[in-house]
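What follows is a set of structures to go through.
In the two complexes below, chain A is the common chain; its partner is chain B in one and chain C in the other.
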Partner chain A sequence: MWTYEKKLQYPVKVSTCNPTLAKYLMEQYGGADGELAAALRYMNQRYTIPDKVIGVLNDIATEEFAHLEMIATMIYKLTKDATPQQLRDAGLAEHYVSHDSALFYNNAAGVPFTAAYIQAKGDPIADLYEDIAAEEKARATYQWLIDVSDDPDLNDSLRFLREREVVHSQRFREAVEILKDERDQKKVF
Partner chain B sequence: MDKPYPNDYYKQLEEIQAADFVLVELTLYLDTHPDDGQAIGQYNQFAQYSKQLKRAFESQFGPLQQGSLNSSPNVWEWSKSPWPWQI
Partner chain C sequence: MNSQPPPFTNVKSYVPFRGPCDPCPPIGRKYFSTPPSLYLGFQPPGLPQFSPADALRKGTLWKVFYDYYDNPYRKGAGKPRG
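Take a look at the complex of A and B:
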């Protein structure tokens, strides 16, 4: 089970109402390489991964849910004071007519989230390589978001999230090595 | 944007976030380096430090975690104190 803590993993400050930026951030909310996809992917793969690396998947999945909450907080804060006209100017009219100011699991182009974004192959190496690729794609997405963002407060939080993808990728790479070592030992004895 | 809560709220919360970040980072590290005694020592040190910070914060600003004490006998503080996206 999980218990909730009433805090974000890292502070999220936004400088000003900016629905255009919120629209871009939806890529990390409901996009293919976003935080929801990451959290659901690892949380589901952990059941069939070898015991030695279950912790890595379990704990990174848990952290991804904290990142999902940070992205949601960014989108919420950037749009909560926006008028319908401002949302329209930001290209969010289609979002507004369906959801008002509610958040939804869409990517930046408005495409709804699908489980087809993620995989569970049952083969530990295949799953972990997918996870490494997912972290690298998310890291790249954060970089592109920082490049298009003009909000210095928000960029501070985005840089934190970008660095977390680097650490997660590293831990998944170590998990691969742990499994390879285990496999090689089995061959010897 | 304006900060709706006292400065001390944000200061103490950031100290908790920093301490808990050490725990998250060491947890992931120990998941792949389970025999590193120095890291386990650091982990235990910060686990205690985080608990201290949370106790101090909760006595002033209300519960941070499910399972924390509700200090008021007749007001449910969990739903009264702000949610993370509201601060």
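Take a look at the complex of A and C:
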């Protein structure tokens, strides 16, 4: 179970009314390398990973849900006051006719989320390497989002999220080192 | 001749191949990130830390993992603010 704190992990401030950015941010909401995919991937893999590294997957999965909340807040702020015409101008007409301004787990191109985005091979190395790749892809996605966004406050939050991906990648890499388990044994290969 | 190796950076770049019939003006350099997590291996104990307030802002407690990102294609990019 979880203890919920009714606040965001990092403040989300959006300073310009630009609903097109909401469309781009959906890549991190319901995209293949988004926060939902990350959270579900780690939360599921943790059951069949060696005991020593279960906590890493559990903790990072939990944090990914906190990131999902931040992305949701950004999208919500950018779309809640948009008229149908503004959403159409932002390329979100298809979203509007299906969902009004409700959030949905789509990627930036409107493709709905699918469990096929994530894997669980049951092999600890294969799964951790997938997790490292997922973190690098999420980091890259945040970079491309920062590149196309000209909102300094939004970019500040996106930079925080990108930094967390860097740290998560580091922790998954360390999990691999723990499972390799030759660190403290002076061996010459 | 400059015999000094270039200073270390977490932003790498290269110039993509340019064909004689390419339709668009060249982008010049392409950039990509190589964040600190690629280099450190298992984190050694006792590394320098940010203050708790700074750590909450920057997204990491450890100075070694802090990697500010800015759009490398925009003019004047790359300087952290604040």
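Please note the rule applied: the second predicted complex is superposed on the first by the 181 of 189 C-alpha atoms of A that agree within 3 Å, B and C clash if a C-alpha of one lies under 4 Å from a C-alpha of the other, contacts with A are read in each partner's own complex, and residues count from 1 in each chain.
Simple rule for what comes next: a contact is a pair of C-beta atoms (placed from the backbone, for glycine too) under 8 Å apart; a residue touches a chain by one contact, two chains touch by 3 or more.
Remember, predicted model here, so these are calculated numbers, not experimental data.
Peer 1: Tell me which partner A:106 touches in the superposition: chain B (first), chain C (second), both or neither.
Peer 2: After superposition on chain A, A:106 lies in contact with neither partner.
Peer 1: If we overlay the two complexes on their shared chain A, which of chain B and chain C does A:166 touch? Say first, second, both or neither.
Peer 2: second
Peer 1: Identify the partner contact of A:147: answer first if only chain B is touched, second if only chain C is, both if each is, neither if none is.
Peer 2: Only chain C; A:147 stays clear of chain B.
Peer 1: Under the stated touch criterion, which partner chain does A:69 make contact with: chain B (first), chain C (second), both, or neither?
Peer 2: In the superposition, A:69 touches chain B alone.
Peer 1: Could you look at A:14 and tell me whether it touches chain B, chain C, both or neither (first, second, both, neither)?
Peer 2: first
Peer 1: Which partner chains sit in contact with A:45 here, chain B, chain C, both or neither? Use first/second/both/neither.
Peer 2: After superposition on chain A, A:45 lies in contact with neither partner.
Peer 1: Classify the contacts of A:28 with the two partner chains as first (chain B alone), second (chain C alone), both, or neither.
Peer 2: Touch status of A:28: no partner.
Peer 1: Is A:60 contacted by the first partner chain B, the second partner chain C, both or neither?
Peer 2: first
Peer 1: Quick check on the superposed pair: does A:79 touch chain B, chain C, both, or neither? Answer first, second, both or neither.
Peer 2: neither
Peer 1: In the superposed model, which partner reaches more residues of chain A, chain B or chain C?
Peer 2: The partner making contact with more of chain A's residues is B.
Peer 1: Show which residues of chain A both chain B and chain C reach, each in its own complex.
Peer 2: Shared contact residues on chain A: 10, 167, 174.
Peer 1: Which of the residues in chain A end up touching chain B in this complex?
Peer 2: These residues of chain A touch chain B: 3-16, 53, 55-56, 59-60, 63, 69, 72-73, 76-77, 167-168, 171, 174-175, 178.
Peer 1: Would you pull the chain B residues touching chain A in the complex into a rising list?
Peer 2: 1, 10, 13-14, 16-17, 20-21, 24-25, 27-29, 31-33, 63-67, 78, 81, 83-85
Peer 1: What residues of chain C sit close enough to touch chain A in their complex?
Peer 2: By the definition above, chain C touches chain A via 33, 35-37, 40-43, 56-60, 62, 65-71, 73-74.
Peer 1: Once bound in the complex, which stretches of chain A touch chain C?
Peer 2: Interface residues on the chain A side: 10, 139-140, 142-143, 146-147, 159-164, 166-167, 169-170, 173-174, 177, 183.
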